[in-house]
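The two complexes that follow have chain A in common; it is paired with chain B in the first and with chain C in the second.
Take a look at the complex of A and B:
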């Protein structure tokens, strides 16, 4: 009994530094923010006036706040969906036993190592009006005939080869890798030949002139306000997916180590193609990790801030503002007295929204496998 | 007898030791810490040391206004701090800035500059220097294109033709760098007769003078005679000039030091902004003042330091180092301005720009720099999204009114 109490005391003693930090920087700070959100505090007049739910009702009437809300929700949904799916697919691919797999695993992880500041700056270069991305898009547009011919030829050749194999009684899948390589090579040769004979011709280098950042355009065109993402935000989405996929891929990769190979072997003996294997073996097996990944991703994307801040004046304010950035902007508005009460109210809103989203997610995606 | 004098000396030394006061200054980061340090070492440090005052400079890196508001609220702000003209109304409104009337003689300073720091008839800051905008042009590009340099008699139409001439030179070269932001565009709006907040009660983005300026400015970008900094991968027009992608940048004297370091081989000239439809040119006055913290425990020493920092000797040094344009009117006839170097010419243009045509302070009343957001959005919508000018300006006016209502 005495020993157990001593143990408990020791445990609390070790926990104290952490608990103290938590109490000061989280519990106290959050409590104070909650209090300030009901006042008109401006950093200078203390004590502030109590304004009840005034800040909250003002929030819902502020068009910039509503834009920030729309941007954040769209950002969170699109990025979470894309990177969860992308991470799973990448992990499945990198889980195969081929030569040099560790090289691929390492190189696919590299984007996650660079700091988000650096990546944002690099993306701003790539997505310049006369930058690499527009150049590549221009090349693709110019060579569209070649690309189309290549795809069509490859599909036809693949179809012909598979049909021939099956006619000989051999079991060949539609995506049989060996046949696919042959089809692609032959299609490539065909395309080069067609170009050489002048049957197809590259269009004059199309000048793709998309302004990715300095624009108030929202896509898709003609959609209602709540379903339209501003173009600069779409660029940030791509950037975020690119940098976060590797981390989640690593989690999936760890989970996949526990899935017995024999299940895949049995499935492929039964004639299941890779997509069916992914859908019916991999996805259910990694369900707990999916829950973790989706939760982390939702929380991470709802509070996106750094990329938006670094983008700065390169994009119009409304086309990049997210809730977390909105909080900061109201706390330190350009050359006005800080609107602390208002900023605190929007911060509380963001906290509640995050909680709500995660609770909803728990409702639909259980942590334990089915 | 001897003993008495030794004792007196010892007492004196102790007295100096006790009277030693440290005055803290909060200001921008970047190159400012080095400049203030050299100013102290070379010019005013000895004088202050004789008074028993030492000075330490604390740069606030990043968002200066955010950091300053925090420091003022927390009571950790320095005895003296930078008071930027564009945010002065809000900072003074906190009540933490000492009114300088009766403490400091402000008559030697340029009157239009003092207006920026005068609220309800009381003075809250002494401008340390100021800047206006000038056209800074790459003479090689103009020579190569066989186009005359911009000059002070140019109208908008003349200037536009010269830009077209330069941009015809080759693909990827543009006449000028025009950002889609009010902090440069505004000078052109003033040239067509538009008036900013502070001058008129309610600024109107939808009036015809604004429309005309927007049409001319954005038209040049859309036809390719000018380019936005973002479209050539730069953050400001000085960056465009340094990479020799444009013929003309629109900047203040701060570009001089930048070009010296980043484009030492660039040959350039400087002249006034072109004459607008009103027959006048327009310009902004940008400035930063020194202000004294009203909570400072060392008020008298702080006022002495403030005087030393803005003394004729200090300003002469700042000017000769090519750092900024001094705020004392007596320095207008300084021989430094008459040297025949590009740097001196640029400085002279910036100095004289303050008295040429429709010149207004870079200040927006209590709305602060948020005032610029609606018009910036409109400019960018017109340039990159092809929005109609009337519609975009109408939207800007509605957004401005929403901002004003929220600020009450």
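Take a look at the complex of A and C:
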């Protein structure tokens, strides 16, 4: 009994520094934010007046807040869907035991380890009006005939070859790799030849002049307010996918190592194409990872802040504001008086949204019986 | 699985077994080839933007059109020329300069179409003042010390498109000019030059490629004709250090930011290792009431967004943790490194990692020490902690990365002066100062690339720790 007491005392002694920080910077902080969300505190006059649910009802009337809410939810859903699906597809393409994969794995991870500031600055530069992205879009538009011809030729050649092999009694699938290599090379040669003979010609490089940041345009055009993403936000989405997809891809890749290769080989002998294999073997096998990836992604994207802050006055406020940035902006609104109560109320909103995601995840996990 | 059977091609005329084996082997090779191609494509996708940003950061103006992966700064011809000019200017082939006694000779070649008039171009040494954060600094101008000779025609030959001379038929005229530093004086870092020709003459080439061409190629403008090899290639990187100075003290802001970020990372690592190993050990090994509650809080603390917590934490720091900081003479912890370390010291993910690791160490190890009569502290300090070295190493690296890249807390805590900031918020000042409508993207990109170097080096050296962290379950800070 005495030994037990001594152990508990030692435990609390070991935990003291952590608990002190946890108490001040987490428990107290969360409680105080909840309290302040019911007041009209302005950083200076203490004690503040109690306003009940006033801040919350005002928030729901504030179009800027509603825009921030819309931006955040759209951002979170679009980015999560894109990077989960993208990471899974990339991982299953790369899932093979070949030499040199560790080098490639490492190189994919570089965007994830650089800071958000570095990546955002580089993207801001890429997306300038006379920047690289617009330049590449212009080149693609100019070479559209080439691209179309390449795709059509490759498809025709592949179809012809597969039909021929099957006629010879060989079990070739529609995406047979050996035939695909030949089809692609021949299609490439054909396209180069067509260009050389003057059958197709690059248009004069179109001057693509999309203003990615200084715009209040939202896409897709003509959609209702709740489904439209402002263009600057779309660039932040691309940025986020770019930096996070490698991490998730590596998580999927680790999970795929445990799926027996024989399953794919059997399916392939049965004539299943790569898409059917993905749908019926890969997706069910990596479901637990998908769960983790979706949750991490939702929690991470709901609090997107850095990129919005760094973009700063390069984009109109409403075209980039998210919930996290809205909180910051109410707290330090530049020239005006801080509205801490407002900030706290919107922060509570953000925290509740995050908790909701976590609770849903718990719910699903329990339903899965895991 | 039933859905995918049944479309196997049925054929009575089955191929010979040996042929079938060869057929399958071919498929395996082709698949490997395709996978490598796709991997290469992904590598281009993920590293391409970063590589392009690095190459463009070497250009005089990274926004100049069209984008290229082969700017003049990467041409060996220019490296040699820059080194020779640097040696002529200040006996320094690497970093160049313009020192007393120097005599620099420089050639510019123009193309004159047949039938067009031509005359000697005019050369001037302009006074260029850097804009932005460094604008208040006193600058020594090369123009005050240099004596410039008028350009002399030294060579005239017909243009030969076959031999690589661009454009239509005409005459190539090469002019040479001399810049000397006759009197005594300070060594000047830069010797800019503008050479203006009459209409009808088109700039073709020069000893060192022109920084920019204006007025349809009539004005060739050089930022520095005595750069030295490194000074030429890493022109913008040098500007990051030279031009961005603290108001008043003239200290190099970028170096200060680098130092501050290292200091921040150092303290954050020390604090995290100490707190997380103690707490992780207690949670993993010791029995006490309230353990479940603490563990739930640890999980919550990893999820709740900082934007909820910073409201109170900002106020706590402003008031110096209820006056506690007055004990060491700070009335407020805002705009101080101490405050930043305090507010980021709560690292629930770190505690979680250490707890998970300590749980993998067998209990028997400790029990042996217990029989020897070691105290609780002794068991932790002499037995368990030394075994935790791999986890402590991983935590050190992840904490360094987290601290180096941290943007939100430094943004809240370190608002002024500029000299206090860490790199990420410093880069934000860069972006606010130089990233406007016209924009000096050379400075911004160089700053961004430089600031990413330490984490990239760390990653290359300690790759294993990063990638294992991902495979285990993604503890992204």
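Note that in this section the second predicted complex is superposed on the first by the 340 of 370 C-alpha atoms of A that agree within 3 Å, B and C clash if a C-alpha of one lies under 4 Å from a C-alpha of the other, contacts with A are read in each partner's own complex, and residues count from 1 in each chain.
Operating definition for what follows: contacts are C-beta pairs under 8 Å (C-beta built on N, C-alpha and C of every residue); 3 or more make two chains touch, one makes a residue touch a chain.
Here the structure is a predicted model, which is why all the values come from computation and not from measurement.
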>> Let's test your reading of the overlay: on chain A, do chain B and chain C clash or fit side by side?
In response: clash
>> Let me test your reading of the model: by the given contact rule, A:77 touches which partner, first (chain B), second (chain C), both or neither?
In response: neither
> First (chain B), second (chain C), both or neither: which does A:192 touch?
Replying inline: neither
> If you stack the two complexes on chain A, which partner ends up touching A:227: first (chain B), second (chain C), both, or neither?
Replying inline: neither
> Can A:44 be said to touch chain B (first), chain C (second), both, or neither?
Replying inline: first
>> I want to verify the contact counts: of chain B and chain C, which reaches more residues of chain A?
In response: C
> When the two structures are overlaid on chain A, which partner does A:360 contact: first (chain B), second (chain C), both, or neither?
Replying inline: neither
> Where does A:115 make contact in the superposed view: on chain B (first), on chain C (second), on both, or on neither?
Replying inline: second
>> Quick check for you: in the superposed arrangement, does A:314 touch first (chain B), second (chain C), both or neither?
In response: both
> First (chain B), second (chain C), both or neither: which does A:334 touch?
Replying inline: first
> First (chain B), second (chain C), both or neither: which does A:131 touch?
Replying inline: both
> chain A residues touched by both chain B and chain C?
Replying inline: 43, 125, 128, 130-131, 314, 331
> Within the complex, which stretch of chain C touches chain A?
Replying inline: 1, 3-9, 11-15, 20, 23, 26-27, 29-36, 38-39, 42-43, 46-47, 49-50, 52-53, 56, 62-63, 65-67, 274-276, 278-279, 281-283, 286-289, 291, 294, 297, 300-301, 303-316, 321, 342-343, 345-346, 348, 351, 376-377, 380, 401, 404-405, 407-408, 411, 423-424, 427-428, 431-432, 435, 439, 441, 444-445, 448-449, 451-452, 455-456, 459-460, 463, 466-467, 470-471, 473-474, 476
>> Please output the residues of chain A touching chain C within their complex, sorted ascending.
In response: 4, 6-8, 10-12, 14-15, 17-19, 21-22, 24-30, 32-33, 36, 43, 90, 93-94, 96, 98, 100-101, 104-118, 121-126, 128, 130-132, 135, 166-172, 176-181, 242, 246-248, 250-251, 254, 267, 269-272, 276, 280, 292, 296, 299-300, 302-303, 305-306, 309-310, 312, 314, 323-324, 327-328, 331, 340, 343-344, 347-348, 350-351, 354-355, 358
>> So in the complex, the part of chain B that touches chain A is made up of which residues?
In response: 63, 65-66, 69-70, 72-73, 84, 86-87, 89-90, 93-96, 172, 180-181, 228, 230-233, 235, 364, 366-370, 372-373, 376-377, 380-381, 383-385, 387, 402, 406-407
> What residues of chain A sit close enough to touch chain B in their complex?
Replying inline: 43-44, 58, 62-63, 125, 128-131, 211, 213-217, 313-314, 316-318, 331-338
